[in-house]
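Across the two complexes that follow, subunit A remains constant while its partner is subunit B and subsequently subunit C.
So, the complex of A and B:
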């Protein structure tokens, strides 16, 4: 259709679609020069020595601006070049969207797609993450050794099991969030304040939530220790006459006990996740059609039946979204573990994401190959879920039209 | 279009001016990694002194966070390297040495009389493949810090042998005092405990062979170390909840008098004093002898300066390293930070009783270990210290722990 239109326009006999030679030449020249300069200053040290800074910490900012300006220049010149050609002008409607998407695609490729393949290839090597002084990679190819070792590694199974625990228990956020949303979906004075209060944990950063909970769990001065001491402890003085607490039964050390530490972290993670699911359901409830409820009521539905057969089906999109974000949240449960236990005690709260970080980057352990192998396993697990998600979206969209 | 042209022209012009303006004067870029007030002050003072002594060198002194440095050093060495950078000796420098990212400075060690004569004790630590790679500016002793007031009250003397120590623990427990405090959340304090038990049970050679991967963890000698550790756990118990305490958290029971002893490095003294303890209340003794007659080895982690292989001003960098190694600078630097100068002819701060005892401890030691996580490769150290923590929480897991460590050892070395 579009081709017919352009053909008709071309028939009008104007040079509207001709290549603007001057523009192409100028922008091509600018592109070449800018790209050449950019290539020269890819190494930050070059710019820094131009500026006379010689690798000083505060030289990073001007260095960055110069490189960034050059990058923008390259992009602008390339776009001018492309849009000046006859081919582009004839196919503008088809090509314009790609022009907009292209920058994003390039960065997506650099930061997401290419690293995925790099992880795959690194997972077959033994490498400590270093290149030598000439930029030569220092690793060695070891075939599937990393994967064989994974199978023998008890920490890997612990991480896998913990990932499963996270997936299953994190799902509790969906029904609990629904419950709270149903409870809050009423009109009384000040309901907005209550809603905000319930939503509050989602606004706080995960790191802060982790800190708050690890303090609360602290058996000495935390909430748990405090409440415990009402029942089992008494204040005395120690040998030096300083006040101290002696307990007949020691308070539980939730994060220090390998058997329960993971549950402690999941409980902390549920707090903001419930708030998230709640807000999804509250918005969903706004869109529940009053007519259908009215109709259901006339037919004698109420309570559980009303919820099950009239309200929940209308909340299906919200449920889908809640499940999706919860699964993603469970699989990337990294920050909570990093702030609360760092995988400890002795690796018992590791999940795959954290164990991967721990082996590759954390504390200079530097087993990049091994870490990559863990990353590949995590990727494979996520792939199952992501494909289902994409397939469902695709199906829904086709049904929609 | 016009504006594009303009900016391109401006860019080229600017670049040209910059190139012309680049100074040809002699430069030196140093990257340091400690922002703690006393550490920073000592470093700044040394740089100032170097500037005063070398007015023709334009010195750029960078400083950053210690933990962040552990990851930024990787990109610093591989991309835009400074001329001098701080790092740890022992096995922690091994990856960078093996990748050729540190410069071999054996010539400096050989040609500088101060370096070749006054650093005999620490030279092995700075060496790999028979070459020297860095110059240490400070180190410190490890040992048992204890509450002197509690010991006096219970009529206890500083224990010298294993039996004396266990007997002292019995007395403390009878009087409601927890003998040891420790915080193993970040694992390394458990590594220090293991190091000392192993150094005292089996000695320096066996310990070195273990961290070098030549002995298995299930070896009978290492099992003996763990047997002693189990005795220690039973008779000299540790504070509850150590698995969720950092080493700073573990000071609280020590400061309050609930626990009487703390195996730590000398850097902890400052924190003890911040917690309100005075020189009269705390004191230091060397970790007691376990196997009679075994030569006494000690932990003495050092901090050092290195020259990256990509450094641009190598001559100036070597000048700086030689300067830092001089007795005067070493004395001044370590007086400020309350640690020991690796230079054996440097003066120490005799007003500080812990420094005096530390000097005594280290200068008479038969061997110096760095620390478990510096002597063993990082991947081994991580698994090892997790294993130690697990053992401390539940000694019955010993066999599982040792088998697991053997497995990791097989993979890492």
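So, the complex of A and C:
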């Protein structure tokens, strides 16, 4: 399935590499990249004064649109320029992928790839995030001081421990999701509606899930308080004739208790995550080969044995994906904590993601350097999984050819 | 099919299964049901501990009306749309280009570049946060909706590229080869041949990215400060600050914030699930 035509085209192009048109094409590409950086570093003030916006209040948004339009124009011009050269026409198989990938790649590099390295360098500085009037950076270089402080910070260890709890307990979503998928993998009437409704929690934003569970956990008028009162409380009428509720054991205040608050948040987080794992397994089960199940049945495999030796091996891609998204979800847990406890009580529900945010831009603090050091630790943990994922993808790619 | 189809089981098991389904669903969606019931109750019920019973008065429209009557409630909804829709268009468009480049051409950098997109898609947000904030400040795009949109679009390009590249890779390559032999320009192949074929992928991605961005909370908190710019996920917290302990209003606001992705999901279910489960099966 190789591109057989390319070799011939490439050969034809090679001996004419140093032609004038070649230079035009290369300079066109350079122009393209330059335009992008121009867009990013061009002084917004210049555009504003062209438009007479400088004296007005918020000129940033219109300025932005104009810069963006300019950028699109330059890209279109550069592409037209490049594609019209004879050099491009001879080498199009070699040049075209770079043109297709360039815009997305530059975009992605500026906002994702380069910031990763910038965060590394921030983590060796002390900086409050401000620049002076001339846009000059005001921080100072402090070496590994931030990391040293991190090692003595009890909140950091709490966050690290909670991250570990998240990672381990969040994994429950995978077997529970499989269980629900097995339960729902039937063809009775209306099962499709059941499947979508079971998947429902995943579609709701984590902020809303957090709010729902904050209410559910409320000991006075939430779901937990209500269910608790069925078992432990009695409604009595006191001497004055007012109804009062007397409980033999007071309902637990899950989010107010530093010992259990994290577990409460993880339980809430599991709800949508189980739904996600379930849908992955439902799709996987749909594609399990019926021949192999039949063969298993003939060999006398049933129930648990069938699941372990015939079904699960075929579900491996679904399991892999479920584990990956669950790990990422666990390490990214932020929205729930921000909505339910904001790291409290007494910092007991902090995870690295939230603690970093709190230190860097939280109220009254602006520790960009320290925050970046926390982010680097979180990134290092994630990197283990990213590397594993990429390695597995690489293996699959090689097998595919 | 596994487990063994229930039709082959005894009638008693079948009845038990059909009875268990709604019970299981009820337990599973209990928090949602309870909060919906709360959102249509008068404040009086909550004060007296009537959490599960029939609402003493049906005040759904009053409660939801009161939420929407808040000065910024509708504004938050509109803001979310202004953030979400351009992001979807930009990131899906960019991913069509990058995905095509990385799937069709066998150049040496195809796989490394693809891995850059995949890896970038998985990094924790916190490692990007401060440099992105600093960049936005320097570009004077901090605290503006376009500033957030352009970041979202760039970041989502990673996931979209992963998706598009794998989708295009599965297309019959002979079609493209045939067009090349005819001498058709690469851009024309992309536009007239590949783009019509990837329409299902575009639909699936759009629905997914719409939901991701609609539900985004972190980046909106970091990049936007003015109340007038906030999307609903952040706005709902501000609203709740005003509804101190009035849980019937908090629940109504939460459900309103969750509604659009839910509608999107039920309308485009097939695409949504196809997008999420990409890679869950071999081949």
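Annotations
The rule we apply is simple: the second predicted complex is superposed on the first by the 315 of 401 C-alpha atoms of A that agree within 3 Å, B and C clash if a C-alpha of one lies under 4 Å from a C-alpha of the other, contacts with A are read in each partner's own complex, and residues count from 1 in each chain.
Keep this in mind: contacts are C-beta pairs under 8 Å (C-beta built on N, C-alpha and C of every residue); 3 or more make two chains touch, one makes a residue touch a chain.
Computed from a predicted structure; not experimentally measured.
Applying the stated contact rule after C-alpha superposition, one finds that A:77 touches subunit B and leaves subunit C untouched. Of the two partner chains, neither subunit B nor subunit C is touched by A:333.
Judged by the touch definition given at the top, the superposed model places A:347 against subunit B, while subunit C stays out of reach. Once the two complexes are laid over each other on the shared chain, residue contacts for A:163 go to neither subunit B nor subunit C. Using the contact criterion defined above for the overlaid structures, shared-chain residue A:367 touches subunit B, although it does not reach subunit C. In the superposition on chain A, A:379 contacts subunit C only, with no contact to subunit B. In the superposed pair of complexes, A:250 makes contact with subunit B only, with no contact to subunit C. Number of subunit A residues touched is higher for C, counting subunit B against subunit C. Looking at the shared chain after the overlay, A:359 reaches subunit B, while subunit C stays out of its contact range. Contact with subunit C, but none with subunit B, is seen for A:188 once the two complexes are overlaid on the shared chain.
On subunit A, the surface patch touched by subunit B in one complex and by subunit C in the other comprises residues 44, 129, 131, 135, 218, 361.
Within the complex, the subunit A residues that touch subunit C are 1-3, 5-6, 40, 44, 60-61, 63-65, 68, 83, 92-94, 96-101, 103-105, 107-108, 110-116, 118-119, 122, 129, 131, 135, 182-183, 185-188, 191, 194, 196-201, 203-208, 211-213, 215-216, 218, 221-223, 225-226, 229, 245, 271, 276, 279-281, 283-288, 290, 293, 306-307, 310-311, 317-318, 321, 328, 331-332, 334-335, 338-339, 352-353, 356-357, 360-361, 368, 371-372, 374-376, 378-379, 382, 385-386, 389-390, 393-394, 397. Residues 23, 26-27, 30, 33-34, 37, 43-45, 48-52, 54-57, 66, 69-70, 73, 76-77, 80, 128-133, 135, 138, 149, 152-154, 214, 217-220, 238-240, 242, 244, 246, 250, 253, 255-258, 341-342, 344-347, 358-359, 361-367 of subunit A touch subunit B in their complex.
Subunit B makes touch with subunit A in their complex at residues 1, 4-5, 7-8, 11-12, 15, 18-19, 21-23, 27, 29, 60, 62, 64, 70-71, 74, 77-82, 92, 95-96, 98-101, 147, 149-150, 153-154, 175-177, 184-187, 240-244, 252, 256-258, 309-310, 312, 378-379, 382, 386-387, 389-390, 393, 404, 407, 411. Subunit C contributes residues 1-3, 5-7, 17-18, 21, 24-25, 28-32, 34-35, 38, 46-47, 49, 51-52, 94-95, 97-98, 100-102, 104-107, 110-111, 113, 115-120, 122-135, 137-141, 144-147, 150-151, 153-155, 157-158, 161, 173, 177, 180-181, 185-187, 190, 211, 214-215, 217-218, 221-222, 233, 236-237, 240, 247, 250-251, 254-255, 257-258, 261-262, 264-266, 269, 273, 276-277, 279-282 to its touches with subunit A in the complex.
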